[in-house]
């Protein structure tokens, strides 16, 4: 069954890209190619769910394909299936969305390219988790990276797209090299097949292990957006078309998580717990950095991108915790750590794709991507507003939506870890818990700010004033993830039971999770019953609404908003996104390092008549400056130095050959 | 600690209202019983300075204090007309305050009372005829009760409010 | 018995730590003096508890001395110093308040981590309080380095001295009485000298 | 069955008692100010009056403005359903634990903030921004306080925590418990917008946090919001009382035990409310940008509590 599903998926993606290229660009081509993308995603989802349910994993190998690199070999196991199903789950709505979203691209070359690349991108993302040898993995990885890069730079009108693309390209290729090196060391000149590497990995020296882990974390971390290698993410996501940024943030970034888990928990032998501690700390720092920037950012899609960084941080808390616990010999907690990480991966995939699609609709409708220029959209785009509110509440991690369930699990995880371990973790886990709690609170601030400034109050610009609702296809596409948010929030056990199977496959048995509506975990003394809470909320809310309707004995009047007797209410008196974040900017001054410049425009007659005052407030990107500027400088210096070699003397060039050969031989000898 | 010993030593300083008939109060029009029963022992007041000399404000500022303690009657000041049941308007209505007064009245949910405090609010007092003055309060919003005096004492203001609520007798029908 | 013993001493010790945190949080110098006074009372309480439950009778004397000297005389001297230049606050310490509080929290956590081996070797029922005493020492050192006002620094120094006394009480049921007396005299002398010097120092640091 | 009935009664008890608590605090503060003050049942009269009044809705408001009060009430009631009031073995534990309670309160805060932003007035936005900031900065303290409770009790479920403390009272002596209690109380002051974080009786918009968001609400909506705020205060006070000083709570379903439990909880809430009134008479409101210092203080306390309960486990 699942073999055919895979075949269908790949065939569909191929068909989609070919049709987009071959067919004269237009509505027909758009429909056909996106429809086949949709079919492919559904097939991928079917494949994933089938394998997750049956637990049957199979492999397929062909030496003929990709022959020079050592042939293609695929393996579908529950872990891979889970990530494939995430790709399918988020790809399907994205394809429907693109039907309405990319209408204006019809009849242009760009339309063709975008649709074709979209299919290629999906195919690449489906193949990455399935790869069972280095060649296939790197090939799929590169396909995914290149297609997404081209999609990022696909819109020439998008300001800053080329720069974003450059950042992305450099980071992803640095990652690629790190990946290659890591795999080569891991394989220890054995065959570059995953099973062989799994068998051989036990023989690695601790030093080599350390190097591999670092390389892999650098590579997958740079794809996932771990601090400090996250810098491409907030640049690339806003530049890409929204359905692509939704996919990048919901699926592609998650493949970094997949790679980490696959290497650290499957290919590598059990590692020292300190790696876990490091990973945990890294995750926490990432989460804090992401959420702090997402609270202060005013560019709509960049707010979402930074919140993706935050959630990636929260996800990485899981594997770190799992490594730690496995190191301390508490297998059940380790398994829980991974389960929670995977569950949050799923939840974030769902609500972040919803939010990016909604953001696309807003940018599309209001013709601006800055929060400061929006406002009042809830009246102009009512359906988008409702759907976006669902996503925003999931982002804020409040019941009864899925974001809350995984946050609750993360809290329980850290508490249980603190309870069941030696005081050596006495420092780490409480601090981690505090940090996660702070992240949750700030995420709520960011969510309120996002929805409140963009959708509520009065429109701040003409663009927002005559914004229009998104076409039906886009709204339908947003409805799917919104429903998923609700279902995952109400019945988390639906997914969690499958995830326990996934981690059991990784040699971390967690024990059978009961499939009831209430969420009960081993080693956790408390339980959560989301459906009951939701019912309680709904009931009490309805009663309250009824009371407010019936109790009043006097009429309801509509009047202008009360602004202390001012004659007219103008959007200029509204709180702006920047103002909303101001208290936090003050509290975390050390982090933002804000810069203020005030320019007063005075009347020529006298300096006492002020025409206008403009305040320009920004914060220093110290992370980039301290980390990357030196790197760039070093790279330039090296290239200049090597430039010196080009003297033009043929003898020098000839001399370089034997020199290089000699050096290689020596190095090879030395490594033996 | 000093603070609390002082508190204990001082005790409650609130004075009972003088029971002499409140001569300073004029009830401009009949207030419907439903509203009166509703506001019986719970009334939220929004004070609007329509352009007074702040003499009346000084007296009004005495109301929440320990001596007159309006809270014992269930009265309290609120920060927004949306929360208010009664507007306590002082001063002749100046040109600048005419619209805000009107808007404040409209912003107050039904049912609502308007009590005009001080001579200026009723007759514009010494400011009558000034180019800056539109007129007395009832030129702008319907007034339920007047409290005369320049300025009226806090006790009289309290009596006026209570008379408007029909909780104490007294006050001429005007 | 032992349980109550350890819990009582720990309560006293953590009360002392809290009073050290008060110095981080408040800006008024009189509040510092009050904090120190109450901290010394808490120290006397701990001493009395140790004397009683650990039956070391001469510690009662020590406790009484602490109460008299640090709980009464020294605070009065400090108050006198403040009375000369009243109303000046510790408005801008070298480390701002949030940071100071968080750092002291971190110091306390670190103290716990450092003193675990110590608490392991000591078998007295009072060992639970050792980390707190260590934390108190670290925190008061931090007060000394992070505050600008000289009086605040003196208070920090005195609290440091309290912390050492606490450590001695909990770790070894107090040092011999003679040493204790010597320390007291040193403290008194130090405070008196400081009292003489403070105005000058304040001038310098102000100018 | 009795458990369910008990749970419902407890929730209803909180809902009904809430205004009286606020009234009591106001009355006591009046007395401390040398005033006679309104009786402790004044808030009921105010609620009755406000519920019966008409409404004025801003023309700029959307359906969020109408939805917010209902969600605020719903989330607060749901949170109240989790709180053990009279009896330590309660049905609320089936629904969720302390973290769920935190999240429910945040849900209410979020909708309050959205309701404040919706009409597009300056003060509404200001209030929302401040309220969300304070709420966000309070989270870590609450989480760590919960952790230190969970470390001794072995679970984050409220019933378990109270039961463990009832069975082994010696846990309560010693620093961990006291520090966590102090931290929780400070966090509670910030959550419920009392002094020194926010002045519940202020009329000056610029100093407002909570009031500024509801300036635009009138009539029944206002009544709902006021009542929800009272309920939040009551449930947090009850939580503080029963999590940290659970003695007197009923452990069996016997009528006598329940009566004792009721008396005990009333006494404890009365004591805490008195403390609150005295505190609010004593302290002045902090400048908004000194509030983080207060929260840092409570966070440090909570951290100390967690570490010390780590080592005294």
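Per-chain numbering from 1; labels A, B, C and D assigned in written order.
The criterion applied here is as follows: a contact is a pair of C-beta atoms (placed from the backbone, for glycine too) under 8 Å apart; a residue touches a chain by one contact, two chains touch by 3 or more.
Every value quoted in this text rests on a predicted model; they were computed, and no experiment measured them.
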item	value
Pair of chains with maximal C-beta contact number	A-D
Centrality ranking, top chain (CA atoms only)	D
Farthest-lying chain, centroid of Cα atoms versus that of chain A	B
Approximate Å spacing (C-alpha centroids) for the pair chain A, chain C	50
Centroid distance [mean C-alpha coordinates] between chain D and chain A, Å	36
Between chain B and chain C, centroid-to-centroid distance (C-alpha), Å	57
Sites on chain D at which at least two other chains make contact	52-56, 205, 215-216, 219, 292, 299, 303, 307, 310-311
Touching two or more other chains - residues of chain C	98, 109, 112, 116
Two or more partner chains touched - positions in chain A	423, 426, 553-555, 557, 559-560, 562, 564, 587
Chain C to chain D touching residues, read off their complex	3-4, 6-8, 10-11, 13-14, 17-18, 21, 24-25, 97-98, 101-102, 104-105, 108-109, 112, 116, 119, 128, 131-132
In the complex, chain D residues that touch chain A	51-64, 69-71, 73-75, 77-78, 81, 93-100, 103-104, 106-107, 109-110, 113-114, 117-122, 124-126, 128-130, 132-133, 135-140, 142-144, 146-147, 150-151, 153-157, 160, 205, 215-216, 219-221, 223-224, 288-289, 292, 299, 303, 306-307, 310-311
Of all residues in chain B, those that touch chain A in their complex	34, 38, 80-82, 97, 99-101, 103-104, 106-107, 109-111
Chain D residues touching chain B - in the complex, by the definition given at the top	26, 30-38, 42, 45-46, 48-49, 52-56, 202-205, 208, 211, 215-219, 222, 278, 281-282
Touching residues on chain A, where the partner in the complex is chain D	375-376, 378-379, 393, 396-399, 404, 407-408, 411-412, 414-415, 418-419, 423, 426, 430, 433-438, 440-442, 444-445, 447-449, 451-453, 456-458, 518, 524-529, 532-533, 536-542, 544-545, 547-549, 551-564, 569, 571, 573-575, 579-584, 586-587
